[in-house]
Amino acid sequence: MMVTVSRKAHFNAAHRLYRIDWSNEKNHTVFGKCSNPNYHGHNYELVVSVTGKIDKETGYVIDMKVLKDLIKEEVEDAFDHKNLNLDVEAFKNLNPTAENIVVVIYNKLRSRIKSNLKLKVTLYETPRNFVSYSGE
Amino acid sequence: MMVTVSRKAHFNAAHRLYRIDWSNEKNHTVFGKCSNPNYHGHNYELVVSVTGKIDKETGYVIDMKVLKDLIKEEVEDAFDHKNLNLDVEAFKNLNPTAENIVVVIYNKLRSRIKSNLKLKVTLYETPRNFVSYSGE
Amino acid sequence: MMVTVSRKAHFNAAHRLYRIDWSNEKNHTVFGKCSNPNYHGHNYELVVSVTGKIDKETGYVIDMKVLKDLIKEEVEDAFDHKNLNLDVEAFKNLNPTAENIVVVIYNKLRSRIKSNLKLKVTLYETPRNFVSYSGE
Amino acid sequence: MMVTVSRKAHFNAAHRLYRIDWSNEKNHTVFGKCSNPNYHGHNYELVVSVTGKIDKETGYVIDMKVLKDLIKEEVEDAFDHKNLNLDVEAFKNLNPTAENIVVVIYNKLRSRIKSNLKLKVTLYETPRNFVSYSGE
Amino acid sequence: MMVTVSRKAHFNAAHRLYRIDWSNEKNHTVFGKCSNPNYHGHNYELVVSVTGKIDKETGYVIDMKVLKDLIKEEVEDAFDHKNLNLDVEAFKNLNPTAENIVVVIYNKLRSRIKSNLKLKVTLYETPRNFVSYSGE
Amino acid sequence: MMVTVSRKAHFNAAHRLYRIDWSNEKNHTVFGKCSNPNYHGHNYELVVSVTGKIDKETGYVIDMKVLKDLIKEEVEDAFDHKNLNLDVEAFKNLNPTAENIVVVIYNKLRSRIKSNLKLKVTLYETPRNFVSYSGE
């Protein structure tokens, strides 16, 4: 009896799509206005989904409060009101596309959640663009 | 050619997280403010998803009107404007966590939907907390 | 140059529509299923709107962080995960209709916000039912 | 490392549920008010999801701009502000149920997206009714 | 102490922007794709707002159930799953722009709501286009 | 017979709350994490509302297509994927708080909309924080 528990969170951040080993010109050619050297930004919405068996004792798969606090610690405190390219170590040499951000978030959370629980992360860059990753 | 058809519904209910075999103190220690003895409540949003082949005759997997009426009968009429702990038989001895509620709803609907159709139920307790179950 | 600044918040609570001076029968006749003696509940969404001049120094009408903390102190801490009828002094003798709740919230906030700022409070009981009050 | 990239789009269209080989009476018996001979309509919301490996060069699974333009060309330009029964070739002899529409959209997009990328299409007929198809 | 009570409703309808006294060509020149002779359609979302004093007896400005039933009778039953141009008397000689529709709805409801209550109607044609009218 | 017509739009931008005549330290003291020198960002949602009489000829207060194009020209092309502090002339010496941004947008649009039409602009910085201005 596997149930999936999901929790939404959000953070506001600046970024630019940018490869440090490419010129601004090449970055602009490939990434267009998303590569503005002065950055742009988003209200990122995050859905973290954890799948496992219901604990008979508590009726929980995972305590939503614990999950909320874990997302705050690993994601919100690290990314909120930040410039992803400049302020976040993981993107110093990694282009902060939505795809790369969702994998970074997944990896940060994966190491903190018990291995018998499955994890999936969905990241909305805008209400119309979103990505998801479940480690497969 | 398997298509999934989903229908949203909702109900408003009171509940408390509570094990009848535990003291109020122990309930409070484990479940915090969610165990307020006077109850709190939610606008529960429900998504019922049915997967199967398209009927060549009608172009339907399932008649959405039939699905809507089934959800009304099995879920809305049973849970809406109720106290889950006191008014709903299923939770007399079962802690009404979102996880347990979604399994109860799944089981009620599963017995009413043809076995060649797959079923998945997603339940939003708040816009930020939700759970899903597909009988696996 | 009057600008309106709005902040959303939410709280989850149980309630029943109920006049303490009426019988359960009369309450049921007038308020229907909303008067279930065992209570039901909602995810209340709140919008607090403050109108005033932009402070030339800061560019703020009101610091959104201050407004957020004020709503938390006066509304969320007082109402969240509570039974409005039993746990909240203001509704001991006042029927907690959406209309009465929004007036109570307005009065709590009005006394904490400078009198040269106009105040309006909107309260969603469900996504389809909401009320607003601006002290007029 | 498979990531899913999703893009939302929309179109507004008229339709009626209708089999051309049935009488209006039989159509009405089976499809009810959805078979009004004068048509009714919807704001259809569409989510197109593409799953594949992240390109190491760009950090993209698929360039969201390319996906957006493809949806515009194949779906929005073909369906928006149209009568699905009368103006869209695919539904001349196919009942435009949500199920049939999502399969038609899937097939149009499938032929334009590289075969190593998986495709899933979700179509909202209303905020409460939606369908999805992934070619399986 | 004036409180505003609002209720959301919806209906799905086909329409075309069209003046019966103009040629199809002139209609197309002025209204573009919105004048497709075969119609297009929308999920119309409606917000009906009623302002008045709180009744001391009930704590209501207006019984939300009464308001809901009135909207069903006057608007949903008359417009849902209809072609506004062909099936609704009010638009036989009136171009069903969002502006004209909202005035028609306002007038239908105004005659059914007590004159000491103020009325405002907001109509969403799409999530991005909406209109409102309060009889002034 | 005054009807209000509203159109939603959006833009994604980076900014920091910052007075150029204050030190980074003072900016940080007053504006907190919103003053991160490396910027953060938002998906800004915009609602532009125009109030006037319905044109008897067209049934429009204002052609929504004209309004949409005007917003694109004056707001989206100027602000989208930009750094408000660095890339937008209006904020070179003006702190880009939500309050100041909404006034700047209002003034840009006011000069392009006929003076017999009333204008109101609402700007969502996040789904929970928003401001509005109508030139009064």
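All chains are identified by letter, namely A, B, C, D, E and F, in their written order; residue positions are counted from 1 within each chain.
Quick note on the criterion: a contact is a pair of C-beta atoms (placed from the backbone, for glycine too) under 8 Å apart; a residue touches a chain by one contact, two chains touch by 3 or more.
Source: prediction; values computed, not measured.
The minimal number of chain-to-chain contact steps leading from chain A to chain C is 2. The chain pair with the larger count of C-beta pairs in contact, out of B-C and A-B, is B-C. If you average the CA atoms of chain B and of chain E, the two centres end up 34 Å from each other. The centroid of the Cα atoms in chain E and the matching centroid in chain F are 29 Å apart. Shown for chain D are the residues that touch two or more other chains, namely 127.
Every pair of chains that touch is listed here: A-B, A-D, A-F, B-C, B-D, C-E, C-F, D-E, E-F. Listing the residues of chain D that touch chain A in their complex gives 1-9, 54, 58-61, 64-65. The touching residues of chain F, when paired with chain C in their complex, are 17, 30-32, 94-100, 102-103, 127-133, 136. For chain C in complex with chain B, the touching residues are 10, 12-15, 33-34, 36, 38-43, 80-83, 86-87, 126-127.
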